[in-house]
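Next, two complexes with subunit A in common: one pairs it with subunit B, the other with subunit C.
On to the complex of A and B.
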């Protein structure tokens, strides 16, 4: 792994002290022919907001269910809070889950749903009442007390499910796409609330999602999963700025991919030849073997457009604008330079629209520090 | 969806079909209020025959037997059928699909075949076990036999429709296996269990064939009593008794429907 580039450091969460909530070692789980989890090893810190991000079927939910005790590994070892979880039944683990379908008990009203876990532990009713009221206050569902799940909206069900889990004061809270069924606006609002709740409770949150924005907004660290494996584990900023594979680059945010070949490597810089022109790239994690095929990645908002002046310089591509899409906060351009199509996006920082028009020829600058070199 | 009104012809056909279904029942109900002692002539309205039932010790004892039989058999078959449904949905074991298939066969076996089979079995066993001498106990056993498949199928449908995440949530929230069953699974199954019990009760209430074959002295039920009375000619008090049985069946059916609507 490379050292983070200096510009990223301010985004990196402060180092977490203390032990690990989860230490997974080579966890494997097969369902018939399908390998849901393939030798997954990961360590999750105490008090961390940790996301498992990936497309459906990547194994993220299987890993989550294993931590909750609802699924057992075929092989590998799971240490939960310093204890081997192999013989630790689900109902005794200090772990609670917010289920994707919420799984609220339809025959119980909101208070009884929230109190369920404490009742199972046979706590005195006075303490149950105090804790349930406290949590319902915090999640703002007090006025829903007497309602039944069938009478709640999606957002309300989500809050009740959260309250029902949190009231047990778990050491680890598992969240299985808890915002998946909600509309965008509510989702954005609840993302922030969840993030604040995690900071307030200080417990480990493990969050499963296929929504990259959600993971980027809330997480301390994200494990990107694909086909039963963790393909990259990093902070949100590192994942976005320094993806290590094409899959990660494409899964997190929009990106342009330019195929090329290394022609020169000297003094911390690599020179890449592509159909769009020559590019200078900072020497990164991959071996700079001359003539090896590589892929250059750049985020659309990092490309700088200017009126066509000089050409033929490295990192500068003459291009024609094929399409312009105005979307309020930003304007997206589709361009083509040297038969290579790419996208670029400019923030509309003033009301005056001084962008470019379709058919216009421009010069696109790809800053070396924003170019990521991948060898797949 | 557009609301389509049926054509006049279709309405007429439907009305005919319903007439076909309900005319016999209507005749029985109407004639139970006929003042005439014999025959089809209408002799004026009376509720005398309903009152007469109360003075008929045979009818009262038959009613008592019928309710006792239906009550006991429903209780036993509901317990067994529910356990069967739970085991079938929650556990995986060899021959699981065979058991499901075997569950359906008794429903299709003609009553008369089942009745003869039970009679044969009981008379084979009774020399050794006095319990199997024909009477109310053998009738309860016989009714349980044909009720179990119905109960199991109704309860199983309910169980299959439950979100498995609910039971996982119970475990996740710290419920042991027993607590999970008591506080989550059983309450969620309950509408299905009640519907199944109602169905079983109704089936027992108006069963004639199986009861007739497995009954003994002193265990006459209402359907058997009516059958033997009819041989001496149809009298209005039989019509009154039949009307009461129809009423009980309707009540049972309606409550099954209401319970099933309640749990969607």
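On to the complex of A and C.
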């Protein structure tokens, strides 16, 4: 591969200056037989929106709880804001958490819930009042102040939980799947609000989620975790465009996997033979090994369909359309080319339906720069 | 306004609740009203009831009897309340860690631990108390160990009474508290810690409000019967002290002074109700005790 495709650069967050909020070194945690966290090392910048993404049980929550001080590593070192966190009790860390279940105090009303952290710090009541009012304004829960948690909807509880954490002006805010219990529409809206809030406050957000869309929308960088380890750490665009493993490719978005064998490697290009035909792929970071079995990935929206003209050229597959699913913004096609099934997705950019019909024979073009050679 | 479905429901409700209500009405409410009215009449020369309305019984109770001021009965009352309160306090001190310990045991041990707590109920209170008498007596093996260690004898005495009381009442405290502790949402404790609460504040603001119902129930279940208890103080305290329970029993028994006994019972009940009302009002809705 030559340089990353220029379009990628646009989406990459501006370079972060300053120090690190979190420096984790070989953190390990076992629960009985299960290794929840397996020698995880990661550095998180100050002011970064950092997501831990992975399926349940991948260790993301354990890592988050460790940063909050609710969990201790069996081995490894955690540096929090430049200080060793080993002997730093949870209640003294300048870190606050928005819990998955919100964990609002049921016997306190909204104002008292939000003021809890400041009361624990024994700040003067006048200052508590000022800060609580300010944060409630910002999170738009002013009109709820006398209500009790049992009288709030899921979205309102979420805002209160957020306000209760943010009012303490933490250096690092931990969010443990805070939108998990909300419906899709509200979730989308709050994703944008959270993102804006993080930009406004300028503090480090560490966000745990198993929802890839959520992570892609909000994060500066994402660590994809699986079985207690970080499998890839990158910007959202890099993760989506250049997944390094099959797990990452499949976890983030839809993808087509093509099994093949390297037959030729020359001048920055690799030639892969598969059941669907020959593919030219840009050479990645891995040294190609002739005859080795490889897996190629391509995102469904990168495949270009056209009426069948010529065949036999590399990266071009003659295929038949098996199924068409129209879903408003886009149309998804299921195809079969050379006995290999794959999916393709076309954006409906004009009102005129110029798509293809079931049974039609088409030529599918897999652009070399959109084909990714996986590491595993 | 006669909805047939609704009236049928009312009939069914009456059938279901009726027996219990009638039982309470006949065997609790009516006798209590009788006691209340008896407390306002006088005793005849031979212990019979004389139907002349008087406040004399209550005057005697607060110390101003026919023979001038005598603090005997206020003392009895205070002594009983003190015994009840001390027992409740000791149960709180010992039962709280026990309830938390049991609630955090792994599932299979939890049932066994609860069984152990309840096992004393399988023997009668009298037998258990006599057993303490034998154990604590100077020639009993526990008593002799203490004597060999050069410690004063426990039995008969206040400490022996308290040992017997706590032993009898601890399950009444632990069981309702356990029910609350088991349901604690520990993520609230984590949230409090996360928000900067010290261990004490985590307990006070995140745990205590959650166990408040069980704690209240446990304290009441111990304090009320312990205040009226007199068998254990009699058997382990050497029958030297008069308490509310045996004082009332005496009035209805040997002294044949039902009106005075009734007044004592009513006064005790009124005090307890007043105390509970204050207690509930304070610990009340918010669950913030401290």
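Following the convention adopted for this analysis, the second predicted complex is superposed on the first by the 368 of 376 C-alpha atoms of A that agree within 3 Å, B and C clash if a C-alpha of one lies under 4 Å from a C-alpha of the other, contacts with A are read in each partner's own complex, and residues count from 1 in each chain.
By definition in this document, a contact is a pair of C-beta atoms (placed from the backbone, for glycine too) under 8 Å apart; a residue touches a chain by one contact, two chains touch by 3 or more.
Note that this is a predicted model, so its numbers are computed, not measured.
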Inset, instruction - In the superposition on subunit A, see if there is space for subunit B and subunit C together, and answer fit or clash. - result: clash
Legend entry - First, second, both or neither for A:322, with subunit B first and subunit C second: neither
Inset, instruction - With the two complexes superposed on chain A, say which partner A:103 touches: subunit B (first), subunit C (second), both, or neither. - result: both
Inset, instruction - Name the contact category of A:75: first (subunit B only), second (subunit C only), both, or neither. - result: neither
Inset, instruction - Quick one: classify A:92 as touching subunit B (first), subunit C (second), both or neither. - result: both
Legend entry - Common ground on subunit A, meaning residues reached by subunit C in one complex and by subunit B in the other: 68-70, 90-92, 95-97, 99, 101, 103-107, 116-117, 120-121, 164-165, 168
Legend entry - Sites on subunit B touched by subunit A in the complex: 163, 165-166, 168-176, 179-180, 183-184, 187-188
Legend entry - subunit B-facing residues of subunit A, complex: 68-70, 89-92, 95-97, 99-101, 103-107, 116-117, 119-121, 164-165, 168
Legend entry - Residues of subunit A that touch subunit C when the two form their complex: 68-70, 90-92, 95-97, 99, 101, 103-107, 116-117, 120-121, 164-165, 168
Legend entry - Residues of subunit C that touch subunit A when the two form their complex: 185, 187-188, 190-198, 201-202, 205-206, 209, 286-288
